[in-house]
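For clarity, chains are labelled A, B, C and D in written order, and residue numbers in each chain start from 1.
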């Protein structure tokens, strides 16, 4: 299972959880993750589709072609709002 | 004033408040060539996009937030004619009027200090994984500054 | 922190040093609408136009200097979308690394605060009757910044 | 006698004094003061001529046509160098 961290308003879309788990094979791409999320969490999927939410892998913003392994630190990041 | 001046202290995400005088010491201690210091302090407003705000809280992605602030400091030092830069952001609950974010840039000349300081805060808002929850009379709202 | 916030305290020419935290309090105490505070701190460099400087001293035209700083604050409040501005300048002997001048501008938004802060320091240099003596290894020199 | 205050490097041109006195009649213009100064203090006169030094009257920069009275606060201001 791949663990995916959630931040900010995304937690409200997943019953307040700050983490979700997705069954994926090592070597799956970020876009495969997005496709799976669209099925399981349609609202989250839509935000990803619209690029309002981005995927980070090991603390860097990832492309949709980035390949994933289970040990990666994966997170979904809604629009940033730091800085006052 | 004796303060630590290692690079780790110049880029921080912390829960507690900070003293501007103390943070300034870290920057000015770096060089007697500094003649102009530009600073930006972001504070919690009681008003936001047409609604009242009673207080707020910031959430950050621990690790990645620090990494991005570090990148901002390093790029500022590389791309501008400045001597030192400090970047701090608070997380957790913050009351109206309190400090949220501090940028301090020391340079030989003021124009460079201003340019770099503005760039740092603009870039911070763009690339740092930090999120804001506003507590308002109408309820709690996650703020989307860059939708 | 209890500090005086009357307009006289927001424009000063003084011999002694100042605390940035304390001066900041005067500005932020004016309104809970303040969200962005831009500051400029000028400090004494050990180097100037190719020569070493061991220390310096500022002379001001008592009365006229205060009047010009007051004008600067008032014009800044009028011409920019800002909430408060503070302008301080020291006179007398100043050692390398010490504070010389401080501008603090509080606004709802940071872009306005930065613009006004830069304008204030640029204008201060143009219209305020203050002169600088540099003590250098080659002797004492009155500095002509705007010949 | 009209009293004229001196600041900064101008004091070095007048033997370190921060004040000089010029005999002028009430109603004299700033340019009359400048003319008198050119005679008495040629170096000072030259700086005024070149507009490197300006005249202030009652704490405002004066034009050469400004009329003076003896009670005016008159000063000669070399280039400013405040602000760090």
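Keep this in mind: a contact is a pair of C-beta atoms (placed from the backbone, for glycine too) under 8 Å apart; a residue touches a chain by one contact, two chains touch by 3 or more.
Keep in mind that what you see is a predicted model, and the values were worked out from it rather than measured.
Touching subunit C and subunit D at once are the following chains: B.
Listed here as common contacts of subunit A and subunit D: B, C. Each chain gets a centre from the mean of its Cα atoms; for subunit A and subunit C, those two points are 48 Å apart.
Distance between subunit A and subunit B, defined via averaged C-alpha coordinates, is recorded as 27 Å. Taking each chain's centre as the average of its CA atoms, subunit B and subunit C sit 22 Å apart.
Residues of subunit C found to touch two or more other chains are 35-36, 42-45, 110, 121. Shared interface positions of subunit A, defined as residues touching 2 or more other chains, are 84. Shown here, the protein chains touch in an arrangement that is not a line, ring, star or fully connected set. A list of each chain pair in contact follows: A-B, A-C, B-C, B-D, C-D.
Looking at the complex, you find that subunit D touches subunit C at residues 5, 7-9, 12, 52, 56, 59, 75, 77-84.
Per the touch definition, subunit D reaches subunit B in the complex via residues 84. Subunit B makes touch with subunit A in their complex at residues 42-45, 58-61, 63-65, 67, 89, 100-101, 121, 124-133, 142-147.
Only residues 19-21, 24, 28, 32-47, 96-97, 108, 110, 113-114, 117-118, 121 of subunit C touch subunit B when the two sit together in their complex.
Listed in rising order, the residues of subunit C touching subunit A in the complex are 35-36, 110.
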